[in-house]
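Before I ask anything, let me first share the structure, which is written out below as structure tokens.
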Amino acid sequence: MKRALFVLVLVLSIALVGCAGSAKSDTIKVGWFGALTGDQAVWGENEFNTVKMLFEEYNNAGGIEVGGKKYKLEAIGYDNKGDAQEAVNVVKRLTGQDKVVAILGPNASGNAIPIAPVLEQAKVPDIATVATNPKVTVLDGKVKPYNFRVCFIDPYQGAVAAGYAYDRLNDSKAAILYDVSDDYSQGLREFFKANFEKKGGTIVADESFNGGDVDFRPQLSKIKAANPDIIFMPYFFKEVALSANQARELGIKTTLMGGDGWPSDQLISMGGKSVEGSYFVNHLDYADPAVQDYKARYKAKYGKETELNGYLVHDAVLLLVAGLQKAGKVNGEALAKALEGIQVQGITGMINISPETHNPEGKDAAIIKIVDGQYVFQEKYAAK
Amino acid sequence: MTQFFQQVINGLSIGSVYALMAVGYSLVYSIMNFSNFAHGGVIMLGAYFGFFSLTLLHLPFLAAFLLASIGTTILAIVVERIAYKPLRERKAPFLYFIISAMGASILLENIVIATIGPTFRTYPEVFARTPISIGPLAIGRLDLLMFVISAVCLTALILFIEKTKMGKAIQAAAYNIKACALMGINTDKVILIVFGLGGFLAGVAGVFFGMKYTVYPQIGNITTKSFIAAVFGGLGSLPGAVLGSVILGILETFVAGYLSSQYRDLIAFVILIGVLIIRPSGIMGKNTEDKA
Amino acid sequence: MLTVKDLHVSYGGIRALKGVSLAVNKGEIVTIIGANGAGKSTLLNTISGFLKPTRGEILYNNEKLAHRPDLIVKTGICHVPEGRLIFANLTVTDNLILGAYLRNDSKAIKEDLEKVFTLFPRLKERELQLAGTLSGGEQQMLAMGRALMTNGELVLMDEPSLGLAPLLVQTVFDIILQIRALGKTILLVEQNAFKALNIADRAYVLEQGRIVKQGPAAEIARDPAVRAAYLGSKSVAMKA
Amino acid sequence: MAAILEISNLTKRFGGLAAVNDVSFSVPEGAIVGLIGPNGAGKTTIFNLITGVYSVTSGDVKFQGQSIVGLPPFKIADRGITRTFQNIRLFKNLTVFENVLTACHMSAQYNLAETILRLPRFRKEEKLLYEKAENLLSIMGLTERRDLVANNLPYGMQRRLEIVRALALDPKLLLLDEPAAGMNPDETEHLMNLIGQIRKDFKLSVLVIEHHMDLIMGVCEHIVVLNFGLKLAEGRPEDVANNPKVVEAYLGATEEA
Amino acid sequence: MDWTYIQGILMLAGINLISVLGLSLLTGFTGLFSFGHAGFMAIGAYIGALMTVSPSTTPAGLGLPFFVGIIAGGAAAGIVSYFIGRITLSLKGDYFCIATLGFGEATRLLLNNVQIFGGSRGWPGVPYKSTLPVIVLVDVVAVLFLANLIKSRHGRNMIAVREEELAAQVSGIDVFKYKMTALIISAVYAGVAGVFFGHYMTFIQPKMFSMTKSTELTIIVIFGGLGSISGSVLGAVLLTALPEILRAFEIWRLVFYGAAVILIMISRPKGLMGGMELTPSGIRKAQLERKARLEARAEARRLNGLEDGSADEGRGA
């Protein structure tokens, strides 16, 4: 008992000492959080690495100038395991304990939605990366003052996918398989379905699974029997690869289609031939000259390819720096004001933050096809 | 009709994965009378062992298989020594075992996350993805192999339990561990062997799981299901675990295929509760009578 | 053959044995009588290694016994437990074979199996039946047969007549004599003090975890205090 | 004297085996009745049947003229039958006082809402319960050990505590299952006196299972002998003791009997 | 440390404490283990939110005051627990745990499919109502209610059920009723905790109430010590704070957590405070017990000439 208490006190004191390191006045602390463990850890790691790399680059160049003074940037990142409750805790820690001026991330809408009250209380803005649910920035028709993002939103993505499948690929019978326990997947499915039907197509099968499932053959067998022209799979690459493999094992040869949950190195290594010839909606074209420089820098520093999230967090950093410079002072509230209506040329396109929605308006989507294990850009496509 | 048979094949295939896992739960339960939740973690590590044997050591498939299974056998025994043996010696109530097992399961999962990393690993393609077609029906090559190896492993296990002296000792220990000791049987060794066997099967299950799906630290969901299958068949009964797994596999497939895929898991849990109400110790579980 | 010296055992927070000393010589039947809870079963369970003494020692053929049941069986002590504890989920033969778990001499095992079947013809009839379906008496026979299969020299018997009909009780005691005739030494714990004293050579009276009397069985059986406490009929006779 | 407990044609089967077979006897009001027989004769099973722990296969158990067959154990306890156990079943991790206090619960009526809000009735009745428990402990000479955890009591004291706990229910009929097991002759004699005393003080009837013949012969007015699930004999102690069937089956056929 | 940050941790600890207290009654005092209490929290959270969410956000919302939400959430969980209890309380040991696990998971999966609550996408827009003073107040009330209950005949009857079910029955205790009472009270506590949780997060999602959450609660109860209210309080505060403190250790913290659970089970299975209370009389009792234990040990030592702890074995809760 005594020993247990002693250990506890020790741990507590170490933690307190560890936290006591005070900030230097010429440093701007910026928070980041996302999943460093769990299904989406690949992306979390990629995001945080990118943030660290960019900050280092700024610092090596002497820092950034805000209001006539040079500042260094410091990134403080935490893992929230992709969990909403953890997200709130982490944001409380970042705003309260670490006193960051802004937060970058997360990539999941489920984690970005519940942090709004904490941000509002602390007056610290957050720039989400790939959180595509509309409710991240707007709730009850009111824009949340401290939530921003650099990506397009689900209704738009769903509409793009539906439009491209119906108009360009000339598919009229679509099947959907989605993750019923995932907010992102449910959202895309809903908007795809609505738009596809509005265009005149029919949904011949609408099947779902539960997050964590690894076997989709019962649903796929049912889909096979419905004989669709295309199967829409709005979920993340792990399940995409698994379900694609199983579909091929069942002898399904139909084209597959998905959203921005797809792009990842792992998709190709896991899905292999099964995902050949599939299409997905993406935030950018990997072959776009604008992104090549970043891609190369990342590869040089970390020895591996960047993921999709890296590009978006890259632009989130650009947005942050531009916002700080526009605000002219290191202050969360001022930064939030400055971000409204700001216009920044990012590597994923022109980012034009609307004061009404805090979304980057008018961002084109890129349609990518998997050919020979490569992501091949097809065209920029905007839903009408 | 085609879809019906296809769904039966799907169900059997899922069922055989469950069976390999469920038997491990039942085996331990039969002797220790508690649900060894750490089994899921051992299966997960089995998948990793197999993966690294193939990719880092470049072992041939069968050797990797064996190495992974030996690894999990040792791991299961280590878990027993650390997390359960002290409790056993103290004759602690079964719930302490369960909590300790949960601790072990959290520990295993997070050690993997902290050391190997949280990302998915994909097995090199040992078997082609193209199915064997029988008319309109498709059977995966891996599924077929898995079904065969599951059947072989489970038959071997049942033969071992039924026909060998050690197997008899295990059966005897499941009935009464004290009387077992009176026969000169080292009960500690019996318990180790049971955990070892469970661990071995966990390795087989893990490698198959990895080959068929993927490897990552939280393969929890499917192990939970296989645990349900074990309960369903009656904890402590090996044939029960196999039967429960097959039934659950087919049932789930049919719910997903014919009713609603949304409710697949929900129905699995509702059935679980239903079975417990009608037959509180599962289909083939041993009925313990409480005497005053 | 077996020597117990100043044995103290605590069990479930209770000091069950408080300095028990006794000896069993080769070829003897020694009985321990005493009330429920006097510590008789605790004594047997300690000898066969299930309980750890807090003090004292147990010597078998002048060697200290280990504290592990299986090793103790190996040295040649077998134990027919209270309540029989047969493996109800196995067949009669399997139960017996398990008795010979430590032995590798398959020929001798076969012979012993035949011996057991001669001793208990009822078991032979039910060879392939599940042990759980046997009657109480048959189960007791099976438990004894199973113990004999270990080929131990010293047989510990814990309440072999427990819960048996009078007729069967007599059979059980007859069998105990037959087992002795096979050259075994027997340490018998029994509630049925009369019958036990009848067949035993020597006896110990255990009370409250202590040996309060010892001596030749016939002498103990005549002791008035023992009769009053455990045999009943004398005191009844006195009152009547 | 009217019978407080009447057992008629009571039978209990486990699977095919009859553990209790067509047994009938009764306990007169205020009497101490002994139930004897070899181990496994079905004595404890009869206790379990009376107290509702086992379900009755056939036959009837009447308490104060009303059948109690099919009632759950707690309702039977409520009617006024309580018992002790062969293998002591105390609330092991509670103190002596807490054991008794718990069993006093039936003397209080306050409900849950009164409890969590500590309303006057709760406080009044709780005070009475404490007094009752203290009182019982002092009558039974356990006051000194009041704060000891039951599990740490010596064996004899545990048996005694079990009886006190049973008395806390204000029973009309007390079933004692081998109360003298593990006691030395001194303690047994003490217990004999105690049983006689509580019968008088608490105005109850007692049915007792015991192997100690001294005790049985010393306190019982009436003895029922069971053997192999069947009633072998019953009657006054001296008659039973001299019944040749009883002597053979239980007391032991000896050269001199 | 910054106050808002500490406040956040304290609020979470306070919320956890409410459900841990309930579970403590069920597990620590009545001896029933549940792996499904996250299900009751979920019911509380959703029903509570249904009451308070403004109709303009979600059409189903009633826009009622917070206290209505608390009462409704707790009551809903209580009512559901009654039906669950009816069918599962007769199950024994592992099977009861498994049935509760099944219930918890089934609740979550069901909520995944209820579209008016946003399904698995979750339900944003729950008003932020859980403030530290209110949570502390509810905690105090919850502790007082529980302490009063434990020290009454009802509480003693529950403990009797845990200690020795058969003896409890023949002592006139309606075992089923008391198990049911304990289950309902614990479910109401969990439900209320769920309401506070929802109104703290302002966003609820079925996956917040997974089996992991249930396990976490059970682990807190055991960590604090079975059969001790003070233990539950201590456990809830420490274990909610611990992951936050260990956050600096990032990925290794859950490794420590798992190891700690095993360590507690094998070395101090009664938890921090098993069976003891931090009240004057509780401390006195603990001292008495300690004295008795030391005496027993001294006696054993006198007998053996060496240390032997066997005297205090077999006293596991």
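Labels A, B, C, D and E are assigned to the chains in the order they are written; within every chain, residues are numbered from 1.
Methods note: a residue touches a chain if its C-beta (ideal position, glycine included) is under 8 Å from a C-beta of that chain, and two chains touch if they have at least 3 such contacts.
No experiment lies behind these values; they were computed from the predicted model shown.
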The chains touching both subunit A and subunit B are E
C-D against B-C, pair bridged by the larger set of C-beta contacts: C-D
Based on mean C-alpha positions, I'd like to know which chain lies farthest from subunit B. D
Chain separated most widely from subunit C, comparing mean CA positions: A
Subunit B and subunit D: spacing of chain centres that average the CA atoms, whole Å: 49
With centres defined as the mean C-alpha position, give me the subunit D-subunit E separation in Å. 38
In whole angstrom, what separates the CA-based centres of subunit A and subunit E? 36
Two or more other chains are touched by the subunit A residues 36-37, 180, 210-211
Show the residues in subunit E shared as contacts by 2 or more other chains, in ascending order. 109, 112-113, 166, 251, 313-315
Contacts with two or more other chains, residues of subunit B listed in rising order: 113, 262, 265, 292
Contact set on subunit D toward subunit C in their complex: 38-41, 151-152, 154-155, 178, 180-185, 211-214, 217, 227-228, 237-238, 241-242, 247-249, 251-254, 256-257
Please name which positions on subunit E make contact with subunit D in the complex. 144-145, 148-149, 152-157, 159-160, 163-164, 166-175, 181, 227, 275, 285, 288-289, 292, 296, 314-315, 317
Which of the residues in subunit B come into contact with subunit A in the complex? 2-3, 6-7, 10-11, 13-14, 17, 113, 117-120, 122, 125, 129-131, 133, 138, 140, 142-143, 209, 212-214, 216-222, 252-257, 261-262, 264-265
Residue numbers on subunit C that touch subunit B, as the complex places them: 48-50, 68-70, 73-74, 78-79, 81, 85-90, 94, 97-99, 101-102, 146-147, 150
Residues of subunit C that touch subunit D when the two form their complex: 12-14, 35-38, 136, 159, 161-166, 169, 191-195, 207-208, 228-229, 231-233, 235-237, 239-240
